[in-house]
């Protein structure tokens, strides 16, 4: 199978990363990967209310992931879904290792992700946006978190699956990754794949993350050097 | 969830009231002056119509999704339009994920009535088979940045998105969203103009600081022929008949200017 | 179009106002406008629980508006609706200007409105009943709030729309009004109407409110002079 | 939301217990005496049947709405009856708007069973087309004033409303609510009699003060032929077999009197 | 009508009572009555959170009754039902008289009942299990609570209705009973039955409870003498 | 609702970390050793398939209910499988009645994907009439005792229950649950193996104490041909590529052993 838009197997979709897109937020970012667009806003850290949510040993990190009703061909009905709940959870787990939450007990940080347009890879685009938004908010971080999905189609490893590729891939494997320490913070996979392919797929995903990492850093530079 | 303490809110209120007593505003605008308005259409790839409107820092995206459904029993040959609004937590620390709050519901219902009751959409043309199948038009308002006067921004974005919506192809029972056939039958471009009262002064297009200290808000919507198609008072302040008259007069003029932005 | 029951354009439906109809409540009232019947009960002011609802600078005014399942031809399904939420909000905004809420911080007043029978004008009947119920509860008020809707049918201005009139009117314009200070506390309208008609319609609505005002005062007198 | 502090609740309890030990009640009634009962029928213009019942200050309205729906899969040729109860916050500061609480659910379910299981409604006559369309009878209980013994008031109002319900005309697929055709097929008039135990005494028709101090409540419902059609114990107290027998005996007599109020 | 499995009218279904089946719980029990199986777990007494649930004069007893999705032929949809809410309430009322809740104000006890298999008599099996679980938790009790339903089929009084018997009985009458003081703690009935039969039915139900009582005590003995 | 105070939690954590630094575990198991596993099938009378799995004190019941429903519009000739998980409050004071929390949702979704995406069920064979009626397979996970590693226990119980499920007879439009016809078409037996990292050590089958102090969990599922069919990282710790590789290697071996338990 040829890739859409003449992409090579190991090539990312056209990527746009922009920091500082929501004026009211303490930090924010927009990430487009092809036709998938995620916006993330960060509020905090601030004293957390109601108090019963406060944690005695660390900052409470709240992540909310939501798809806009008009983000897909079939309108998304507003409200909670089981898929959305799981993505909130793995997104939080993907971001937490980059933060020093133990330094600020009783505080809260809110990370809100809106998917404006969805064409595969919404959780990875959301994590990329959230990570830049956290940095944009001036929250100290061990590293940026960067995220992409990989798959295998017609015997070839495909980076950053898009549209119909997701329907035909033998597996869908998203990761989140902190390049500085070479640490994986999100790992999911479903499909049917020999163990040796998993290794190759992870290597490809890490390469993709390293390219995205540069784009994330560039966006933060543009935001903060211009001002 | 995560909120900032309201330090200085009371001082801010006094300052804005002092300015208002001289007819002045915190951002130097004239009483009837809008912040800069930017209207973009067709900003979403998966929607049948869309628009992004910025009024100052306030930013709203509206997406129109068109589907097929059943008509209401009492209107068997009318298409159905539904307006929804979500105050995404992205837009403001005061918004929370969850069921829409009363402000979001008011926003959606005022935009909905402004479009529905004035006959903006020719719903008779949206009937496929009487009593069984009609076109369903979902208008979803998505707030990206809340910096005051969401009402006017949302109404402007909704009308712009509808004005530029295209119908998906209907083949037998199935919709083909890849192929658009013709435009959605939209007849008018209603425009909503909102005032806030601070002290004794009436200001159009209140920004967020002004909304925080205003005691009353009035939104007036006009059709292309300058007929009023909606009124909605907000807030716990009161209104005199003279004030209403004065605001309607001002609003007619402002609506003519704003309507030119829809293309 | 002739009006139902031979009414004149500027005439109200038969109005019944009765104060003190719910023994358990601190104040209560029943208002019928034609075939629309609203009952309102007021509880409070009392210390508000749970505490997080307490306001530091004013009494918390809670308004609940609900249509009984048997109030309309099509049974109303119990539970929240978007229409009901909006009516609660505009009802609260219509009543607050009449109250001295700043005198009693941390307290709460509950205003509960049940629509037993619905035939147009439920929000206006509800406000009329709530206002009398607040006075019946002995809560100090700047003025009673009185409410009615107007419209235009076949070129004539109609006061207090009823039944099918609501389907054919060129606009539906409800107001709430405090006669003493000539202040409007609720204003909504939808339809299609030249600006000059709006002025005439408002004048007619104010006249209607002045008549209702007398009936509200009369009801309170009957309740409190008899006892 | 808004509640009154329970000053004097403990004193009140002691006082009522003292009275009860002598078989006396706070409002001078005899142990098996009801407060004044007023039954009105056809009190709602938009319902197919309705009744208002007052027992003392307790006031309940029941509306019956009749519609068309699908039968339950396991009873394809039976009409469907659904009883709902809402404790409107109008009736008591203890009620809150929201989903019905366990007391409202118990009330609705006890009234429901009292009517359903004794075969009061001839549901076979409510079948329009087997397995597809049947009449749907919604019985909605609305509490206007809660001053004790809601159970008996609600049951009496429900049966009165059903007894006087008229079916809307069915023309093809559509219901014409303006024209009523015939009466709903109701065969019996079950009556519910409720007792509360305070100390060692058993009192019928407890008022709100008595309910606040009672430890046990028993409701007994009878058909016209004096057969028991429902029992429901409430509260955390216990019961002896002798007490049950005694209450059933008393209740038969009271139910005969009360049934005469339904016309 | 002949009873299923050749049972006699006054005979219980085969009964299994087992104490201590949930390792994590403070007390637990399993009760099978024929093909109906209930599991109950007790947690507490412990200080109750959130605090607003604490009662000033007694322990807060929480009862939760839930049917597993696979417990009946038609799958049960998870979530609250009106039937479930009522059963929670009558179960709580059935158990409370056996406990000394006034001795431990501000504490909470949680009694959780899962119906794994349902074939009539789930509320009675649940109460039997809950009562043993409370004793297994070492909570002091006035007596065990024991529960069974009776009915009348073809002119005969049937103990412990099962399956289709429930569809044809003239009435369904469950009780809960504390044998030591001969006290009834739950009483419900619907159907159509002369008053004199009620007396007979109650006598039969009490007999059934006395047999179940022995099995409950036996189960507790086995649990605690073995260990 | 009712919770125990976490006395000694911090001490316990230090103790487990000390053990882990030596590759040792609190219950003396080897790093890749499972607790005792017991698998029972056909444990529920009303389900079309069922299994009880105990891993140590952890106990999970899975029931499979088979019904008829509509296919998804985009897969008109595929049967539908839905996995649900409820953390009954019976199983742990930390579980509450109410909508499933994020842990229950994760559990259900991971088991669901492990079965769905690897093609375990031959959904094409579950089509009755294309686009209209298909078999609906509900797999409900019920936690009876939570003592760690619910993931592996639930996955094992789900596959055992499916492997032993029998289809009810379909006669015309109706299902006869009394008569079972043939086996549900299940092709593979995927097995899930879960690791927890404590300090630097990776342990299979974490018990509840270990889960309370672990910083990262990885679940790996395998088909009968040793292909990986699911991965899911949990917890806020990170992973290196080497750790992933090592766990996959270990897990292949363990999965072969565990698969023998399904019969």
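Side notes on the structure shown:
Every chain is named by a letter (A, B, C, D, E and F) in the order it is written, and numbering of its residues begins at 1.
We take it that contacts are C-beta pairs under 8 Å (C-beta built on N, C-alpha and C of every residue); 3 or more make two chains touch, one makes a residue touch a chain.
Predicted model only: the values in this text are computed from it and were never measured.
Contact with both subunit C and subunit D is made by no chain of the assembly.
Relative to subunit C, the chain whose mean Cα position lies farthest away is F.
Among the other chains, D has the CA centre that is most remote from the centre of subunit A. Rounded to whole angstrom, the centroid-to-centroid distance between subunit D and subunit F, based on C-alpha atoms, equals 48 Å.
Separating the CA-averaged centres of subunit A and subunit D is a span of 57 Å. Centre to centre, using the average C-alpha position, subunit A and subunit E are separated by 50 Å. Multi-chain contact residues of subunit B (touching two or more other chains): 100.
Touching two or more other chains at once is no residue of subunit A. Chain contacts in this assembly form a single closed ring in which each chain touches exactly two others. The ring sequence of chains is given as E, F, A, B, C, D, with subunit E as the starting point and subunit F next.
Taken together, the subunit C residues at the contact with subunit B in this complex read 82-83, 85-86, 88-90, 92-93, 96-97, 171, 173, 178, 181-195, 198-199, 202-203, 206. Taken together, the subunit B residues at the contact with subunit A in this complex read 1-5, 44-47, 50, 57, 59, 61, 63-65, 67, 84, 86, 88-93, 97, 99-100, 138, 140, 142, 144-147, 177.
On the subunit B side of its complex with subunit C, the touching residues are 100, 102, 105-106, 108-109, 113-114, 116-119, 218, 223, 226-241, 244-245, 248-249, 252. Within the complex formed with subunit F, the subunit E residues making contact are 22-25, 28, 35, 39-41, 43-49, 53, 62, 64, 66, 68-73, 75, 78-79, 108-110, 112-114, 116-119.
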